[in-house]
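Two complexes follow with chain A in common, the first pairing it with chain B and the second with chain C.
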Partner chain A sequence: MTDTLQFFIDQQAVPFQPGQTLMQAAQAAGLYIPHLCFHDGLTPHGSCRVCIVEINGSIRAACTTPATANLQVHSETSALRTQRRQLIELLFAEGNHLCPSCEVSGNCQLQALAYDLGMTHYEFVPLDPHRQNDGSHPDLFIEQDRCIFCELCTRSAQQQDHKNVFGIGGRGADTYLFAQADSSRLADTAITAQDHAAHICPVGCILPKQGSYQIPIGQRVYDEQPIHLRGNHRPDEQDATP
Partner chain B sequence: MTSSSTASASGLPRLFSRSAPLPQWDAAAAQALLQARFGRLWQRQDLLQALIVIQHHFGAITAPAQTWLARHCQSNTADVRALIHFYHFLQEERSTPHQILFSSNIIEEQQGMRTLFDELRMGTHGLAEVGLTSCIGLSDQGPAALVNGHPLTRLSGQRIREIQRQLQQQIPLAQWPQNWFRVDDNIQTAGRLLQFQPDPALFLSQLLAQAPQQVIDRVQQSGLRGLGGAGFPTGRKWQACAEAPGADRYVICNADEGEPGTFKDRVLLQHNLDAVLCGMRMCGHAVSARHGILYLRGEYLFLFDAINTRLQQWREQQWLNADFNIEIQLGAGAYVCGEETALLESIEGRRGIPRIKPPFPVRNGLFQLPTVVNNVETFAAAAWLLQSGVDAFRAVGTEQSPGTRLHSVAGDCEKPGIYELPMGASVQDLLQACAARNPALVQLGGPSGVMSSPADWQQPLAFEGISPGGSVMVFDASRAHFNIARNFTAFFQQESCGFCTPCRAGTQVLLRDMDCAAQGQQHADLNALATLINSTSHCGLGQTAGRPVLHWLQMNAAKKTEVAHD
Partner chain C sequence: MSETRVVIDPVSRVEGHGKVTLLVNDAGIVTQARLHIVEFRGFEKFIQGRPYWELPMVVQRLCGICPVSHHLVAAKAIDQIVGVTALSAPALKLRRLMHFAQVLQSHALHFFHLASPDLLFGFQSPVEQRNIVAVIKQQPQIAIKGVKIRKFGQQILEAISGKRIHGMAAIPGGMNAPLTPEKIQPFKQDVQQIIDWCEETVKLSRQLTDQNRDFHLQFGLIESPFMGLVGKNGELELYDGNLRVIDARGNILQDQFPCDQYPQLIQEQVKSWSYMKFPFLTQLGSEQGWYRVGPLARINLCDFIPTPRAEQARQQFRQYAGAPAHSPLLFHWARMIEALHCAEAIADLLADPDLLSTDLQRSGIKQKEGIGVIEAPRGTLFHHYQIDAEDRVTMANLIVSTTSNNQAMNDTIRKVAQQHLDGQTLTPELLNLVEVAIRAYDPCLSCATHAVGKMPLQLLLQTESGNSLDQLTRHTDGHISR
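Take a look at the complex of A and B:
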């Protein structure tokens, strides 16, 4: 008996500290579980469901499930890979994701997971949303039709930048991202291009106005390395001033 | 002051009486209304309740109202709108003094609701906003609709033409014939719970003579299980809350009753209100909570003044006091708010997005304090067992599901209404009692429950048997299963809170593609998609949203094999 706590992901032992989620412990141990709405250092959210794992026959989100000793967790099963791919396909269908003409193609975590999970085509006919875009801010642009409602931006602004910048409104099919100002315009919030929240969107929804095409498509983060090796990273995440 | 805020017999202002909205935003009037509603300074956490009052009196929450509200609670108007856009009964604009929303329950749809809806919409162009809303809890006396929040029951072609005349002649809502608004109890079989009319004074003296732990022990020994759906042992819930660390605690009565086809809680609140309040008081004593909240669904707004008046009488009698008080909070048209953690969010004045569990409400509930959330019927049953004793409670029902159960019955039967039967009665017993007409399919527990066919009907309605959920929809052989499954799927799609991918995006694709399938067009694998939604969603809504499609596919497949074997 050792006194380190551990559980198992696909038979591999993962040490953990009390209070950690499966995802936090896996990440610390260098094991990749596909995810979109999880970010170390922000409170868990559990909305994208891409991090699903199987425990005792039922499916859980790894980012919201507390680690407990000796738990047997299944992650890389073919059934789970299929369901993760279907969730990604649903996100593609729900937003307006035409990668070839998108500024973040190659740097995008949604796209990278689609490749990783073997998505080859649009499985579901797109729902074709038309949401309000916002170009009011001098340095940032919001292309809402690509939003996956992961709320990394809302949490990052609150918890890292200590500002009230973003919010999610409406419900169901009419859910939308908004800026916390009477005008609903990003320019009327306190966000700056140096904020963490300006460098956390996993897709091409919150975009910097400067420098988008400096690195050509083909030489971007996930062109070099697949996401299960590289992890969820934006090339500009260092640009946020702590 | 407006007629809608005149005092009732008890001296309380009547906040939600039948009226047409005020034509124009008036900050002073709003101030007075909110003072009457809260009786104290209100803050951001009260914003939803404030919006509901403003919506009712002004017919909409227009831009100047949004600004006024946002300034009052140090927020911004985008935040106010984000909340308005979540709740179906809140709106930013209102074009006419009257708004009529038909209940889109499958039972009412099968009773010709669409024809009535179309007829009214055509005939009242520009005179009223006419729309649809999810089940309003009146399918035993439908088709039904809400006019400015108040229920119109037993609608017919004749009644629709009469309503048109009222609208054309601009007759104020308060003067519409009273019997159009009659809501019947339709109690068909009253068991011990529906007959239970406790004397609160006696009940309280009996209650307070017992130590809190003694009360919890009684509930544990009784084997009472939650009657809101999940069947969690009530005593264990109370024990966990009592043991959780916290400076303060809450007791919440879940009167959201959003499951289509369910109306038993409405009847209990109308007919056995004291029993429900006694149960809440009892829980407060057991877990040492000082605050009780009754979360009343917006569809039951017409019960607000009656319940509020009764609460005031309880206060005057000192049955409610500084040791334990109860207040009402209203919903505003969102099925998901019946989920206990979404309900907490809603009470805290936010969009009803279910929280991550664990932690559970018994530890981290309302404002992060230990909280018990129980269904209306659970509280009434708890009060009954305290007064009558554990043995008496267990004398009825089954070993694993002791006690009685209220069933809301509607659809193709002679006697729709409420049936209180011992737990463990069979579906067949119920079908006989309600004089079902040529039943072919029976939905148990609403869209999130199970679709049953004759082979299942000898099974007991109990936690260990087939769904003991509070609603029974009877369908005769002429009803197409596809139409039922489609109505239920549309319900889930409209009520999805939008938080998680499978339910938000999945139900949209599922609904669209089942129509494609019906029309022989290209469509996704419905079985795989429905299974994905059920197995990967964040809360109970999404985890059951695929069921109607799966039941339909399974029964279809079974029929095909039958035909092949013939």
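Take a look at the complex of A and C:
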């Protein structure tokens, strides 16, 4: 029996299995590193950069960095918190987020991170996009301007549902989510409301057409606990892994 | 004498200020008053393309003053879109309770905070005296009751919707959660006290009117038809019902007019100088057809109030003020009769076990159009939506009560200016009286949410051809500059 492998996050020892990323090991140990595009069970994507940590003076994404023994990882430093907050602010500025009337308010991971990181406003110039929403599917609605391009849906559809449903097109300010069909309409893809991909969006972009606003204020995912205690969850998630 | 129409760019107004232009003719008579309103612009466009079920939430942002009314009326429209013609009894009762609580707290805020200083100390008294702090000093018991009545309403809203403002309760076809015995209990304890205080306030409104009877009844006096909802038997109805219209003499012009046919009943006129439209009754035409909505309209046009103490108050009001009553300042008294009704209706509902039921949602066959009408605190409120095959909003038409009262407010201000403008110089006194006139209608304008004597207001005096004669501005801190 070899010694347990471990590394350190902010001086706290974190055990890990070979092959695990920093994020996976931290999550297994019950330590929260802020994240948006990571989901246990899907290949890491490393795109949102919210999970940045500092190792030997360089900045790395915890969701794509393999754990190695005795690594000293810094996560909750004020500099990293500020950078994470600015990333969240950018996401708000790039989309169209009016939380008070949004149906995932209180259940939204972007909003929860914004609160947790102390975001009160943002100073980036809002892009104020007005893309056309896709309501073609009988059970699902796509609110384009809230997409943060985390590609959880793309990966979930491919890896869990074994379907090609979503894709991300364009670049920079013109990035957009599209449905993988000749018509570009969600109705013409194979997605169903029961698919994993229909239940993974961390924000209010892929919406069910039934059952919105059903959870009263006070009982929503982040009403009682902030995201660093509660973890990344949706009220309807199919697997309870944080 | 030809009236030259000058387009005054409403954007040039001081931010958050109300702006009023008075036009005088060569003989020095005020021929027109124009209240410039920039609120509500762009919203109908903004919600195009949005999923329809979001509307009850998103419209709450339309107006910071009566978000609950917008929430409920949009929900009524969306009920139709999801094909629900009748809510479950528990859902309907919860919605009504919410609505009564909203009207009660709104009326209490307006009367005690925004109007009572004027009413108590007289309109001509110094501004320092006409504020809520002065009321608290001189009439502590009144001020405290006002605060408590309002809080009672707000707490009911919070219990039902999770928040005092911008809560979440009504969903397509119903409500999202019932009340619990623990939540209801404190309200049951307090409601009789609230009813008593509301009744005292009705009496106070009468006394205050009586103290200065001529001024009250003559101030800005204009006559107009009235419009509002009534129940099946002609009773006062704030949540449901059909439309009734009476003319200035009190004759019924329309009765039990179906809400979803409102486009036949009223049309809207656009004027070059205003962002806000001018609705009028089709049958009377654009010149004669403007009308008033709100507490005075509702008290004037209903046959009775279905709760006993408010009904008694209504009868006394009619004896005193005539039927229909036209003086704008009587809105205040009428408002408190309605507050009393709301308190009584809340007491009845609180005793109803249906509030605990979880039978809260119905469904039906999807429709492409929904029209919701409700009596908001300030008057009849219309929300009309159409959606496409992808559940996106394609058309929204909202007529808010302040829009319905648009012409009436202009005319009331004109009348006040005719009564009180002396020569070609604007005075702080006139500015105050214009404020009193605007406030009588309790408009949902941001300038009107400031305390008495603090309404940021710009008054312009112009010739009919647009030459400026004088100008007076009161700023948010209350100081006045020329």
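As a convention for this text, the second predicted complex is superposed on the first by the 234 of 242 C-alpha atoms of A that agree within 3 Å, B and C clash if a C-alpha of one lies under 4 Å from a C-alpha of the other, contacts with A are read in each partner's own complex, and residues count from 1 in each chain.
Definition applied: contacts are C-beta pairs under 8 Å (C-beta built on N, C-alpha and C of every residue); 3 or more make two chains touch, one makes a residue touch a chain.
Worth saying up front: this structure is predicted, and the values here are computed from it rather than measured.
When the two complexes are overlaid, the chain among chain B and chain C that reaches more residues of chain A is B. Of the two partner chains, chain C is the only one touched by A:141; chain B is not. Of the two partner chains placed by superposition, only chain C is touched by A:101; chain B is not. Look at A:15: by the touch rule set out above, it reaches neither chain B nor chain C. In the overlay built on the shared chain, the residue A:87 is in contact with chain B alone; chain C does not reach it. In the superposed model, A:235 makes contact with neither chain B nor chain C.
No residue of chain A lies in contact with both chain B in one complex and chain C in the other.
For chain B in complex with chain A, the touching residues are 67, 70, 76-79, 81-83, 85-86, 334, 351, 356, 358, 493-502, 504-509, 512-513, 522, 524, 528-529, 532, 535-538.
Of all residues in chain A, only 98, 100-103, 130, 132-136, 141, 143, 207, 209, 212-218 touch chain C in the complex they form. Contact residues of chain C toward chain A in the complex are 49-51, 53-54, 56-58, 60-61, 161-163, 166-169, 171, 176-177, 388, 390-392.
Note for the complex: chain A touches chain B at residues 44, 46-50, 52, 59, 61, 64, 66, 83, 86-87, 90-91, 93-94, 123-125, 127, 148-149, 167-176, 178-184.
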